[in-house]
């Protein structure tokens, strides 16, 4: 058994996608290339999701990194949860944390009311980010969390 | 200026909706009665959202609580953020926290890519909870976060 | 929606089973009476598991507490995770914590090896405690954790 | 006296089994080779268990590492407890932590009831991981903890 | 020597201005009545500033509280710093905290450059809050901090 | 997508402006050169603000650093919030933290009173530092925070 | 099963031996009366050790408290570890903590050297406090810890 | 003035006695050679005790390290307290910590009773570790703490 | 043995000297009356120093509190260290904390240089506060710490 | 603007005065050479005080370090507060911390009584360490803190 060894320690977070950065690919482009949504694609780069063998093959060809090198870095099981130090200091990530802090019990109450006792899985789970622009030209970020009960 | 005085300290969280509980209303029913979505309705009860004067009038009539009593409890500005102690120990709420911890940088990367530098507001913000049942009969909780950029 | 209101705050933990204590029932006896295993039974008393309507009826008759009183205390959704302050100071509970601290990555490695990527659920989960006595007369506590992958 | 010097600091956890990884042995295979169960075997690699001289000899031959090198790394006394930072952020390990947090007092109550005052040892202790598949094809992870009282 | 005994413990923060609330005075009105700015006035109510004898006389007459009662509560030396638990969970207060977290070294660098080595006093210090509305009708909160070097 | 890679970890804070230091430019001079105020300029150096392409061009010419090098360091999205460890130990920065701690609820009360429910943005936000000298020759630091409501 | 309900929460520590204090018994006298050493006797009063039925009978007669009352308080299983908040602020207790902090690895090294891998039990354990006076009239406190390996 | 520069940072703890390990001396042997007890000897190696000039001379000859090298490392004043991170995760060291946590107030009560107000010094202090084997062949670790009152 | 039961918990700190406050005695006056310095006198009121029987007699007569009442509150051994929660939030007390934080190693270096290895006792210790006014009319607080080496 | 770049991170504290150590100067000797008191001199070496240009010239000549090198390290503004991790683990520094913890409110009470509301500055501040030997030959460390009110 081997664990993925992409270095995802907090202090290195700004650095991971060096090779990719050199290539100037956006996550949107990479996502299209490997056939996953953007958040899942970024999660692979931040060490939070497992790359399948096809992901690795596709990434290697797109990023022009030798397949063995990428395999070495990405083929293990993710050692998740190390990328964000809690409470998050990054303002954008903090806003998500704040939503949990403020609405936590409201979510629980409504979820329990709708589904009974139990939890929403964070593992059998998918998520996506969308952009909406309203009539006044304001942009809205829409994040959808979908987890099995 | 007065602050809302509904007692939302962590140790009291299980107790707030006593009167309502006596009435056996669900948040769904209350939400319909006051014309808000369920999460926003629950957030008023957990001291995380401001009740408008109409909310108070409507709640008073539905819950059969004298309007002055409810006004006293709910008409101030919410002293938010006190209901969940972080990190959350409640498993359901922890799952949401875990999503922020694991996907935080992936969300940031994709949001920055789509919207440029900035943040998603947690204040000019709305959220809802929906229930989906798939072909296999499995239930899925879908939480949508929508914040102004 | 209502949450269970049995007072499970840390400082009250020594007190919960007052009525039961007066009755001098052991968790083993209560467990037999309500048809659950002992740990699940104790978990109800510590506010960590949901009591079904039958549990409440059975407990009310066994403990000779009026059914409405018990319903009031136990029929809501558990607000879990509040009974143990972490890290646990209680030596017996600390030993379990120490096992997680020391063997955590070994468990993860072996579980990933056996099951692939994913987690063992702590919700679709059951657990039991057994007593073994070996040939030398030594007692061994055997705790079994069984969670869905 | 010497302490084992395998570098088990949190930030290095993903890296330890490099040589082994190169060899592509699973813990199951290593465990069979050295005659220990898998969790105990993994615990040696994560610096949580002492390797006996035979373990070292067996590992050296299997992994094709010079015996002196391995002796240097593994023959001291383990400086335990450094592999998991608490609370664990890794979701799989967190689930075990959550079990202690939620069921801690229930375990204590049932153990005290069965064994009297005292504790379950985490040192005179063994543990194993098993896989069960139920009639519906669901997999269940079964972890057994067995400690002297 | 006596300390001010107005109860300013975190959990009581929402409650302090009860009598005043009954009177429905805003801090703006109270500030005008006692001849201080609004922030300083609110700071007295939250136990962070010393009330002078005239403040007490003026407050007593405005709020129609017997002077001895108010003297008892407010005439001591403030036991400052207890009203906000850090990091602040209240979103509005968190934003101020975030400014310190993000701009801290930038402020230090510019202040050192302008004033040399030293600090800006937080005691020989005054502060005010103003409201600006720009051409697009947007409101801006302007907080000014003025401290002796 | 790429993140700014200027190394802004706490332990490196004293070092960032090495090249600049060699040049002996003050932030005031750099600010004039790039047409921003001094705090915003320092914030770029401490990794808390995004440098625009023109900022990078201007900085490269002023500091005589090859443009590509600076682009590499500064053109990504800032990974904010890492420069100050909270609570701040640096006395000057602590004074700002202390202001939030002591006046937090007073600010909230006055802001809510003036603007209603909501928050002052820390993102649609500008700030400046000024120096005043009073009649007695004492220097006063004046920090202005201006955020959208 | 019942837990001892003597209230041993930190904030109550100064109060436990009220009845005894009224009687003006020293722990030395109580210890002689119940046939235990002084530290074990004090540990019962601080909720850290289990009182046997004879202890309760003896204490009830010595302290002139009705046996049922004492039984109610002391006959359960101790919920240990709640009396000292760590790190201890009390200077005398801090000194013991400091010894662990400074000599921890030295003890481990010497114990491992003498006993091999393992731990000294803190449960199969006894301890005592003695007073020595040296030739110069200086007093020395001698604390002996004796635990099974 | 110079401080001892032996690198005693937590993450290096497993490494210090490299040279000695190479020599395969036990602390018992070193202790005999330098005429100190074993714990004090180990404490020098872990940076918690000051080595006298004779200690250095004796250690240099025993370990066959040039005296200047050792002098450089050991002749300064110890920067104590850095070897154990609290709470200790190492199970053996944790057991000592647990004793302080559980028996802290019992020790204080008995010590105050025997010696009056004051503390046991952790500086004018000596300690030793002994091994006892009882009639049943069980080993007992006996740690004695002796501090001036 | 009995511990002093004056309630010195953080949240009560503002309240202790109620009776005294009623009497309007300053610590200076009380100090003169009982023949101790002011800091030691205040320390008795804050539960940090032991009151001798004469102190109690003198305080009882000065404060006109029945001697038995005061004896009950003050005659036990102080349970020290509970009055200030660390880090201190009170600005005045924080300044003292900041001095330790900033000058800690400088003090250690100079003390070791002057006295050799060891510590300054905080128990065989006295302290006083004095007021100086310089030629410009500025007031200076002078705190002297005197501890046995 | 430049910050002093002497590396004062906690883990490096034992190392700073290498060059000086090589020279075997005591802080007393350096202090005499640069005309400052010993604590202020040590504070420069630990990065807590600003060295003036003359200090640098004098230190360079005394320590025989090229002036430019020292200027590079010492001429910036100190990034204070990083040398001691709080709570301090070093026993000598802890004793000073303990004094603040125990006497904090007593100091505040007496200072407020003597000076009115306000604080003692830790910036317009000087401090010194002296050695006294009493009639019995005991040494006493006397630390004086003098801060502007």
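Residue numbering begins at 1 within each chain, and the chains themselves are lettered A, B, C, D, E, F, G, H, I and J in the order written.
By our rule, contacts are C-beta pairs under 8 Å (C-beta built on N, C-alpha and C of every residue); 3 or more make two chains touch, one makes a residue touch a chain.
Just so it is clear, the structure is predicted and the values come from calculations on it, not from any experiment.
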Set of chains whose contacts include both chain J and chain D: G, H
Those chains which touch chain J and also touch chain F: E, I
Chain located farthest away, centre of chain H as origin (C-alpha): B
Averaged-CA centre spacing for the pair chain J and chain I, given as whole angstrom: 25
Geometric centre distance via CA averages, chain J-chain H, whole Å: 29
Centroid distance [mean C-alpha coordinates] between chain G and chain B, Å: 47
Residues within chain J bordering two or more other chains: 1, 3, 13, 26-27, 80-81, 86-91, 94, 98, 101-102, 108-110, 112-113, 118-119, 122-123
Pairs of chains in contact (touch as defined earlier), listed by label: A-B, A-C, A-D, A-E, A-F, B-C, B-D, B-E, B-F, C-D, C-G, C-H, D-G, D-H, E-F, E-I, E-J, F-I, F-J, G-H, G-I, G-J, H-I, H-J, I-J
For the chain I and chain F complex, residues of the former touching the latter: 87, 89, 91, 94, 98, 101-102
Interface residues, chain J side, partner chain F - complex: 1-5, 9, 76, 79-82, 86, 122-123
Touching residues on chain J, where the partner in the complex is chain H: 11, 13-15, 17, 21, 26-27, 88-91, 94
Sites on chain A touched by chain B in the complex: 13, 26-28, 38-40, 42-43, 45-46, 48, 80-81, 83-84, 86-88, 90-93, 95-115, 118-122, 125, 127, 129, 131-132, 138-149
Chain I residues touching chain H - in the complex, by the definition given at the top: 1, 3, 50, 77-78, 108-110, 112-113, 117-119, 123
